[in-house]
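Shared between the two complexes below is chain A, which pairs with chain B and chain C, respectively.
Entry: the complex of A and B
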């Protein structure tokens, strides 16, 4: 058993070492894309003052901002700063990148974690119920709605949710972190979190619920389940104690694989709900070719994906001794 | 008081353009504007006056003023602020406003002297720049890196207590404000970008006021306890005619297009009636400066006559031509600005009616910029305080193709002469004469086709007294609008 733990640690270490070149490639890639983009950062820097500035002043500002330097120099300057712990300054937010991330990341984590937990709970409950009574009305509903939802992008869900729950029913506020002028108290944030988290969860649920249902159906036909039934155990014991654990294993891997979708979903949901997280900052940074912020956000997203899949693999290895850890 | 804004400032640094026209709440300039557009002393002790040759302005400073952090305001802060604007190392975005300044010096702790390269009569209007503590600009370097942008320290009637980016900004009354502590104690500005969402939340009672497009504001006319306020503005929309283009470079063509435009119809149909027709950059908000004979009427026959006279003959396809040159050109507008897009379409259809073909292209500013010399463009801007501030860079030949100034490279010796004379003249009556002369010269050889001055519409909840009507500059955000003087409002009851 000791050696198994060591193997898992070695797996994690291998993945982390492998992450370094991946992150470097992402950083260079984002930088090159930014350089090739048609947006000119000097327009972002000036804002509406660009319309009264003279050509000479704009040229001097370019010089002062280092926009005339070659790509390699600009990249070297940024990378050098990164190594000394300075993430640079965000042009679109006019504040240090570290501060932008520090202010916004907690809200994104809150949204994503609540969204993911909700998605997993909904998926487990509905998936188990659907598989348990395969072919029943609930199963048919869940399967049909699940397939339909797979094709609907999160921002459509978000707009529909606002129209129904905020504007028509008035149950939840439309957008923002708190009511206008209110402090960020627990109650305020919770009521404003409900709708975006729910939308994020629902947008992720179809894959999870259909997967739980399918693997549970497979598990229910396996020998050890048949054996349990033959021993006369109660049906709920058979489903929840014998079939579900086998079915959950691939589910854990699937959750890890869903992290990229979760990141994209968060961008769209935060944008629609004016949620002040890092994901909505992506849009603003991209439009402004705000390289220092854009690259850190891309690195964060990449890291989230890598860590997601690593955690899923480690969890699978811990849960199931048969899983090989040499990959 | 809770206000909603569709525009979030990127920075609160006056040197990067925050509160460029004053009324920033957090900062004070040496002077500030009053409702009648005149200036009055703010951080200055009295309204600054030029020396007899007009090239030196000496400003006596108010004493006993403190910044929000408790430090004392003095001449070193004024000098440091203006020097930072002028120094390219800081990359200030408002430097163009101060291109006439050659030196700023302190003359003791409470006097500052500005030296100008040439006499500049409306200079007092430029002294609204918010003064920052000298410590904030101690280190040369691009201002975008300054922590001051998000944590401003000014002398203004309000101090910033919280700015949650993308969400809201909270300001509290400055009890030590030198003109007395504001009665509206707390000012919260919520950022809600989407016009429809903002209108909904305003309707639901979440806000005490907001700015809305005219049509959205009209939808809130039945809300109890709130009223719609309309401000006229100097905010024009014009179609720039590039001189290098063989079609728009023709004076008769530009004159004809000015007559071909149904400006009243555009304002009615596209702006919900909220606007004023424009023929020159001088707005009705500067009534004494407006030249009545320089206004273009809607007269399609006159337009056709001018075109015929100049040799633009109607072709079989409904488009005129002169020799081998078809009367056809491209008009660019910033994609995403729906008002400009509508105006561009209206321009094209009115031009079509007199046999001129206009092809439309919605583009980003980066794509527009390199093409401004050859293709027409829907441009906006405006300043209600003095005719020089906008007309000079827009139409003087010395600004031809200089950044976004005078993008069509218009050159007219009479216009230049009148604009030059106006900026140097100190006698008010004589200045008016020069600017009227400028408009007559312009109208005989128009550089562009001005369409309209936009009105700004706001929804304001009752509950305060102190509102004073004002003419808005072309600014984003809620520094202007009904709340421009909120520091002197009083809660009712």
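Entry: the complex of A and C
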């Protein structure tokens, strides 16, 4: 057993080492995209004042900013800054990038974690009930709604949720983190969090719920479940203790693999609900061609995806002794 | 290899889904082609006398903040979305078939390197990468198409590569080689025809994805310019209208969008069930 634990640690380490070249390639790729962009960084530096600056001043600024250096020198300077913790300054927020992320990342994590937990809970309850009574009315509803929801973009869900729950019923506030000017107290944040987290959860649920249903159906027809039934065990023991654990192993991997969609969902949901997280900062940075912030946010999202799949693989290896860890 | 096509034509699985999908899609496409033309929609005109009218006989979908008929606008938007999606799906498929096919046919270290690159590209969330590309080359159709095509070819490349790898081991390829067929002949007589059904199917599966992607970008204000309004642009404009209680401004364009993506992915799933009978369909969105 000890060697198994060591193998899993080695797997995690190997994956972390593999993450380094991936992040480097992404950084170089985004930098090259930026370098080939028709947007001149000098315009970003000056903003509207470029019209009142003389050609000489612009040339000086260009020299001072190092824009005349070769691409490799510029990349080296930028990557060196990144490695030494200097992430640059965001123009659209007029703050250092590190500060923007420090202020906004916790809110995104809160939204995404609450949304993911809700999605997993909904998926488990509905998926188990649907598979348990396969072909029943609940099963047919869950399957139909699941397939339909897959075709509905999160921002449409968000707009509908605002129209119904905020404007018609008045249950939840429309947008933001708190009421205008209010302190970020627990009650304030919780009431503002409810609707965006629910929309994010519902937009992620279809894949999860259909997957739980499908793999539980497979598990219910396996020999050990028939054996448990033959021994006369209670139905809930058979489903929850014998069938569900084997059905959930691939589910863990699926959750890890859905981090990219979770990031996408967070971008759209945060934007509609004016949630002050890093995902809505992506949109603001993109509209302002805020390159330093865009790069760091891309790297952050990539790291999140890699960590998600690493955690899922480690969890699968810990939970299931049959999973090979040497690959 | 032609019997792959015949199998799809003869199989009977999913016929109701096929009929529903085909009818819905036909109605939507006909609407997108003919409605804006018949209704003589002029997006640049603002009608002050008919701002935000609720649905009525004259305006079945109501009107928007500029007093324009939403039925016409939604279908004009659908036309733009579909054109962009078809363009993206074709480009991604061609890229994917070329790269995946070459990678699988060459094998060895170029293949391993290419697959590592595909893995890397897939670890950046696609919408985010799309946003970065559109932000840096903003303001036109090319940027949007490039941002979608460049993030979606990887799926096709993976499928085609796997197909080529499995084909290489088949006896009929061995037979062709021992029969003295040239590399070129094996490629265009044996490999390409065998890969085409898979590639065509992944192109169709990419369509709803591309529509979705374009709509999301336009909704965020990073997509198509306002003079070629897609459904995403219309929905972005309607955010303010929702706050005043004009539900139809969101409801009808969204319904057109959702019906389109569901119809296309329903058709694609029937096709996939018939082509690969073992696998149950899961809508790929």
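We adopt the following convention: the second predicted complex is superposed on the first by the 288 of 327 C-alpha atoms of A that agree within 3 Å, B and C clash if a C-alpha of one lies under 4 Å from a C-alpha of the other, contacts with A are read in each partner's own complex, and residues count from 1 in each chain.
Everything that follows uses one rule, which is that contacts are C-beta pairs under 8 Å (C-beta built on N, C-alpha and C of every residue); 3 or more make two chains touch, one makes a residue touch a chain.
For clarity, every value in this text was computed on a predicted model and none was experimentally measured.
Of the two partner chains, chain C is the only one that A:30 touches; chain B does not reach it. With both structures placed on the common chain, the touch criterion links A:38 to chain B and to chain C.
Residue contacts after overlaying the shared chain place A:159 against chain C, while chain B stays out of touching range.
Of the two partner chains placed by the overlay, only chain C lies in contact with A:210; chain B stays clear of it.
In the superposed model, A:321 lies in contact with neither chain B nor chain C.
Once chain A of one complex is fitted onto chain A of the other, the partner contacts of A:63 are limited to chain B, with no touch recorded for chain C.
Once chain A of one complex is fitted onto chain A of the other, the partner contacts of A:85 are absent, as it touches neither chain B nor chain C. Of the two partner chains, chain C is the only one that A:151 touches; chain B does not reach it. Once the two complexes are overlaid on chain A, the chain A residues touched by chain B in the first and by chain C in the second are 38-39, 167, 174. Interface of chain A with chain C (complex): residues 22, 25-26, 30, 33-34, 37-39, 147-148, 150-153, 155-156, 159-160, 162-163, 167, 174, 207, 210, 214, 259-261, 263-264, 267-268, 271-272, 282-283, 285-287, 289, 291, 294, 297-298, 301-302, 305-306, 309.
If you check the complex, the residues on chain B that touch chain A are 2, 4, 10-11, 13, 16-17, 20, 88-91, 93-97, 99, 141-142, 144-145, 147, 149-150, 164-168, 170, 188, 190-193, 197, 200-201, 206-207, 364-367, 379, 381, 393, 399, 401-405, 474-476. Chain A meets chain B in the complex at residues 38-40, 43, 45-58, 60-61, 63-65, 89, 91-96, 99-100, 103-104, 167, 174-181, 184, 274, 276, 280-281. Within the complex formed with chain A, the chain C residues making contact are 117, 119-120, 122-129, 131-138, 208, 212, 215-216, 219-222, 235, 238-239, 242-243, 245, 247, 250-251, 254, 257-258, 261-262, 265, 280, 282-283, 285.
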